[in-house]
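Order of writing sets the labels: A, B, C, D, E and F. Residues in every chain begin at 1.
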Amino acid sequence: MVFKIKQINPVATNIWEEPNRKILSEYKNPNTQIHIATIKAGPIEVTTTYHDTKAVNYVLEEAEKAEKEGFDAIVMSCFLDVGVDAMREAVDIPVVGACQASVHLASLLGTRISIITDGPKGKRHIEDLVNKYGFAHKLVSIRHVDLTPLQFAVEKEPLKKQLLKEAKKAIDEDGADVLILGCGGMNVAPWLQEQTGVPVIDPLVAVLKTIEILGTMKLTQSKLAYPKP
Amino acid sequence: MVFKIKQINPVATNIWEEPNRKILSEYKNPNTQIHIATIKAGPIEVTTTYHDTKAVNYVLEEAEKAEKEGFDAIVMSCFLDVGVDAMREAVDIPVVGACQASVHLASLLGTRISIITDGPKGKRHIEDLVNKYGFAHKLVSIRHVDLTPLQFAVEKEPLKKQLLKEAKKAIDEDGADVLILGCGGMNVAPWLQEQTGVPVIDPLVAVLKTIEILGTMKLTQSKLAYPKP
Amino acid sequence: MVFKIKQINPVATNIWEEPNRKILSEYKNPNTQIHIATIKAGPIEVTTTYHDTKAVNYVLEEAEKAEKEGFDAIVMSCFLDVGVDAMREAVDIPVVGACQASVHLASLLGTRISIITDGPKGKRHIEDLVNKYGFAHKLVSIRHVDLTPLQFAVEKEPLKKQLLKEAKKAIDEDGADVLILGCGGMNVAPWLQEQTGVPVIDPLVAVLKTIEILGTMKLTQSKLAYPKP
Amino acid sequence: MVFKIKQINPVATNIWEEPNRKILSEYKNPNTQIHIATIKAGPIEVTTTYHDTKAVNYVLEEAEKAEKEGFDAIVMSCFLDVGVDAMREAVDIPVVGACQASVHLASLLGTRISIITDGPKGKRHIEDLVNKYGFAHKLVSIRHVDLTPLQFAVEKEPLKKQLLKEAKKAIDEDGADVLILGCGGMNVAPWLQEQTGVPVIDPLVAVLKTIEILGTMKLTQSKLAYPKP
Amino acid sequence: MVFKIKQINPVATNIWEEPNRKILSEYKNPNTQIHIATIKAGPIEVTTTYHDTKAVNYVLEEAEKAEKEGFDAIVMSCFLDVGVDAMREAVDIPVVGACQASVHLASLLGTRISIITDGPKGKRHIEDLVNKYGFAHKLVSIRHVDLTPLQFAVEKEPLKKQLLKEAKKAIDEDGADVLILGCGGMNVAPWLQEQTGVPVIDPLVAVLKTIEILGTMKLTQSKLAYPKP
Amino acid sequence: MVFKIKQINPVATNIWEEPNRKILSEYKNPNTQIHIATIKAGPIEVTTTYHDTKAVNYVLEEAEKAEKEGFDAIVMSCFLDVGVDAMREAVDIPVVGACQASVHLASLLGTRISIITDGPKGKRHIEDLVNKYGFAHKLVSIRHVDLTPLQFAVEKEPLKKQLLKEAKKAIDEDGADVLILGCGGMNVAPWLQEQTGVPVIDPLVAVLKTIEILGTMKLTQSKLAYPKP
C-alpha cells in the first residue's frame, strides 16, 4: 500500500527540490511516495524566528491542502520546525518536524548531542525547540558554519570543510558523542560520520524515516495534546 | 518625557479597543501613551497555536511599522504571546508578551502558580510558553472557563462565576497560591483577588507595567539573544 | 539488501516465539529478517530488577554471539531493557531496547505519557529507565494490570479488559495523552488505540521499527558513549 | 496618591544614604516617596551568609516597624536579599529583594544571565538565591570584582574598570547575553550597558521599579505562601 | 578518642534538654559526648522563617563559641536548619543540620519522600531547604500535625495519633515510600515505622549519626563552598 | 551487640581482601564485624557496564546467601554499584552501594562534586548512577587516572601522582569543591585531602559508615520502593 507524504519546504524557491529528491529516494521505503511542496510566498531562507514567522501561515495552508488532497502524512523539512504545532492541531494525519525527529533519534544513540547549524542567528530558536521537545539536558552545544543554506544547496565542499572543523570541536571541546546537522539542506551526514567516527544525523532523512514508522504503526500526534481548533 | 507604546491585539476586530483603553488608563503611568493596534486580517479570536499562526505575520508587520512610526515599545496583549520572539528579533525597541510578563510577576509573589484560561484548547501552547520562560516547576495547573474571549469581552458576570469556581479548585485542589487570568480580555483581577484572598494577575496590566519599567530603565531584549535577522 | 535482526527475549522459554513472529511479520520491512532468540537459562518471566539480574549475563552472551553470527542489529524485546547498555558496549552493531524505543516514540506524539505494565513490582525499574532516557518530565503515571506475562501470552481477553480500565484512568485522572504498553508481550495496541482514541505504542513493534531506521541510515550507538570494554 | 516605600539597607552605616537617594530619585515614579533605613546594629558590609545572619534580625525589626509607621511597601537593597522571606511572613505590605527583582527582570530580557558581584565569598549564597527563585537554568556564571562595597561606595573608577573586564569575560567566555550587577551599591549599569551592548541591571533600581508595579496593581506576596507567624 | 558535639537548639527554653538527652544516649557512639546548648534569647518555638530569623544570630554566637570551647562538631537540632550555612562559613569544625541529614538519609532508602511537620506555616521554608539540598524531585508531600512542638515535647499520644493518620495518607495518597518526621522533637520514629512498615527518620538521630560519620572520616564542609567571612 | 556486614567485591579475585581489611578496621565501629566476599566466577576487574553484567548474577547469589547466613547488612564495594537494586529487592536486610553512599556524603559537604575514577570507559555508567541517585545537578565532572584497579591495588605512588593532577584540574578548571575517589580500591583519600584542602571521600569507607548508621537506626531500604520479587 502506497504511503503518500507531503514534504513542506518553508521557502519560496524550488531550488531544493532536486537535491532533496535525490537524497530522499536513497532512503525512503519502496512504498513511500513523496511530494515536495514549496510555499507560495515568503522568505527564500529560514534561519531565524523572524523568517519562520514570515513563512508559517503559508506552511499551514499547504498542510490543510495536503489533507484534502489525500496525503497520508506531512513532514517539515526545515530544522526550525516551522508551523509543526499548528499543523498538528489543524490536520488528522501525522506531522513531524525535522528538528523534532533528529533530536529524538540522536537521543537514542548517545548521551551528549551537538547541533551544527547554518549561521549564529537561529541558535535561540533551536535551543527553544530542543528544550520544548525535552532534550535540553542532553544538548552540549549548538555550533554553526558561516554559510547560508543557499550557499551550500549545490556546492558541498566549503560546507564539508567547515562542518568537519566544528564537528571536531564539538567532540573534543564540548564532549559531544552524537552530532546533528542543523539544517535540512546540508545532506552530508554519511561523509561526516566517516570522518569523525561518531553518529551524524541528517534531519531530512530522520524526519522521513520517522514519519514512515508512524505510517506503518498507524500512529498520529495525540489529539488530546493537539486538539482541532 | 512621553513613552509611546503600541499594544498589538492579534485579532482582526476592534471590539477590544474600548474595554482595553478603559483598563489601561487606570494603570498606566502619567507619561505613557498607548496606541491599540489590531491586525489587518486574520482570526477574530486566538485560542490555539493554529490561530496564532494565522495572525503572526500580520503582528510582525505591525511591529516593524511601529518602530518606523517612532513608538518606544511594543506589547502583545494576547496571552498566547503571538509573535513575541520574532518581534524581539525584528526591532530594537523593547517587546514583551502578556504571558511572559504575567508569569514573571506571579513568580515574584508566590511559589505555586495556576493559570485560568478560556477554553481547553490553548493549554499545550500556554504550557510550552511557561516552560520556555523557565517557570514549569512553579506551574501547578492550567484551568479554563467554558467561554470564549468574545463571549466575555463585554458581559463579565458569567465569566466571574466560572472564574471563581475554577480559582477555588486551583487553590484547594492544586495548592495554588497565586493566580493568573490566562487571557488579556478577562480584566476582573481585582474582583477575583478580593473573592479568593490570593494575588490575581491581569496579563493586560502586567505587560503594560512591565514594559514601562523597561522604558524607565532603558532596557531592551538582548540583541545577543534576539539578533537582527 | 537483507537486514538481519536478532531479537533477544530474556526468558528461558520459547512460548513467546510464535506470537512474537506473528506480530513482527505484520510490521517489519520486506527486507528485514528476524531471528527470535531465547536465553539458555534464567527466569521465565522478567518483572523486576531481580529477574533482570538473573537473565542479563545470558542476554549478553546472545548479543556477543549475534555479532559473530553476522546479524546486523539486536533488539531487546523486554520492556525492562535487560542488558541494553552492556550490549551497546560489547558489540559494534546497533542495539535498542523496547522501553527505550517506546518512550522516544511516545514523546514524538504527545506531551504526557502513561505506561501500563504487568504487575506493580517493576515500576521503580521502569521509572529509572524513563529517567535515564531523559523523559521523567513527560511521564505522568505508571499503571499496571494484575496479570503476569505468562497469563496473557496467549489469552488476551482478560488483559484487554484490565488495560482498558487502566487506560481510561490514565487519561481521565492522570491527564495522559499517549499510552505505552509496558510489556513486549501484550500486543493489543491497535485495539486499545481504537477504544481510547489516544495513540498507543506496542514496545515490540516500536523497537523493531526503530532498529530498522538505524539500519537504513547506517547509525549505531556512539562508541564514545558506549566504549568497547 | 503617594506610595511610601521603606528601603532597608542591612548595614550599620549611613554611608549609602546619599548615593542611594541620588540614584533612586532618577528612577522613581513621581508619587513615590522613599525612606532609606539602616539597621541599628550589625555588620557594615554584607558579603556572605555570615553577615546576612548578623544583620537579619535588625532588618526584620525595621520591617515590622515600617508596617506600623504606615509604609506601603518594603524593599531590601542588598543583593543577598537579607530577611526577605521573614519580612514577607511578618508584614501584609509587599516586600521584594534586590536579587529577586533583578533575576526576574533579567529573565525577561535574555536567556543566559551572568551576575558580577563584590568578592568571591558571597557566590554560594547568591547561587542559592537564584536557584530558590527558579532561575538556575538561566544562570551561566557568577563573577566578581576584587573590591568590597565600601571601596566603591563613592569612587567608581576602579569598579568600572574591573566590571568591564569581567563583563567582557561573561559575554565572551560564558556566553552571557544579559548582566546583573550583584550589589546594590555599584550603580553603574547604564555605563556598563553602553560599553558592552548587552542589557545591564542595577538591582537597586530593579527592586524599586518592581515594588512600584506591585503598588500600582495592588499586589502583595501571597499569604498562602508566606503565612503570618 | 572522645568526639565532642555541641547540639544547638535554637529556642530560649531548656525544656528539650532532658528528652533530647534520653534519645541521643540511645543512639550515640560510645566515644561521643554531646552538649545540648540553648540560645540566650529568642523564640521558644521555631516553626516559620520568621522564628528562624529571630533565633539565628544567637545560634551563630553559640557556634563561634563552640569552636573556641574545643568542640569537634556542631549539629542544629531544629528541622528548619537555623543558621546552618552561616555556621558552616564561620567555623572550621563540621556543621550539619537536622533537615539536611534527614533528607540525605531518606534519599538512600526510598524514591518518594514525605515529610510530616508541626503546623502548616513552615512548609515553604522546608520546601526551600529540600530544594536547596537538591531533593525536590524526590519530595512527594509535606504534611503536618495540628500540634506545636511544645504541645508534644512531653506527651506523645496525641502526636502519635495524628502522625499515623498523616503517614497513612502520605503512603496511600501521595505514594510516599519513606517518611521523615519534620521536627527534631517528635522522636517517635521507631513506633511509626512499626505501624506503617516504611522507613521513618528521626531528624535528631539522623543528624547525630551523620556528624559522627564526618568525625570518624575527618570530613568537614568544603571551605571552597563555605569560605571564612 | 555485634553488627555483621557482608561486603561483596564483584570480582573473582581475593587480591583486595587484605588491603580492604586494613582500611575497614581503621574506620569501623567496635561492634562491627565485616566479612569480605568475592564472587565465585566473573571478571577480575569491573570498569564498565559490560563487566558489571558479567558479575551481577554472582553478586546477587552472595546477597541471598548472606541473608540466610545471618548477616545484618550488605555493602557493595565497587563504585559501579553492581547489583545494588536487585539485592535491595531480594533481601530484607539493608543494602548500600559504594557510589550511592559516596555521592550522598559528598552532597552534605559541598555544592560541586567531581569524581576521579579509573579509566575513561566507566564514565557513562557512573553518570547514570549519579543521575539515578538524584545528584546530576551537583556533578561538575568525572575525571580519570590512566591506571586500572589491579595496577593500584598494592602500589599507590603512581596512583597518587595521577590523582593529584586530576584533583587540581577538577578544582581549578571544573570548580569542584568536594572530590570522590571513583573506585573502592584507591584508598588514599586522607592523603589527597591534605594535598588539596578539599574534602575527599573514599567510597569503601563511605559505604561502611553509611550502613552502620542504618544498622544503628534500624533502617532498611523501603520495601514499597524495592518489593520482594
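Keep this in mind: a contact is a pair of C-beta atoms (placed from the backbone, for glycine too) under 8 Å apart; a residue touches a chain by one contact, two chains touch by 3 or more.
All of these numbers come straight from a predicted model, not from anything done at the bench.
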Centroid comparison with chain A (C-alpha atoms), farthest chain: E
From chain F, the most remote chain by mean C-alpha position: B
Centroid spacing, where centroids are CA-atom means, of chain D and chain E in whole angstrom: 31
Computed distance of Cα centres, chain D from chain B, in Å: 27
Rounded Å distance between chain D and chain F, as computed from the means of their C-alpha atoms: 44
Residue list for chain A, restricted to those that touch at least two other chains: 111, 124, 137, 225
Complex interface listing, chain C residues touching chain F: 47-54, 56-57, 60, 83, 85-86, 89-90, 120-121, 124-125, 128, 131-132, 225-227, 229
Complex contact set, residues of chain D against chain B: 27, 29-30, 96, 100-101, 104-105, 107-112, 133-135, 137-138, 171, 177-178, 190, 193, 197-199, 201-202, 205-206, 209-210, 213-214, 216-225
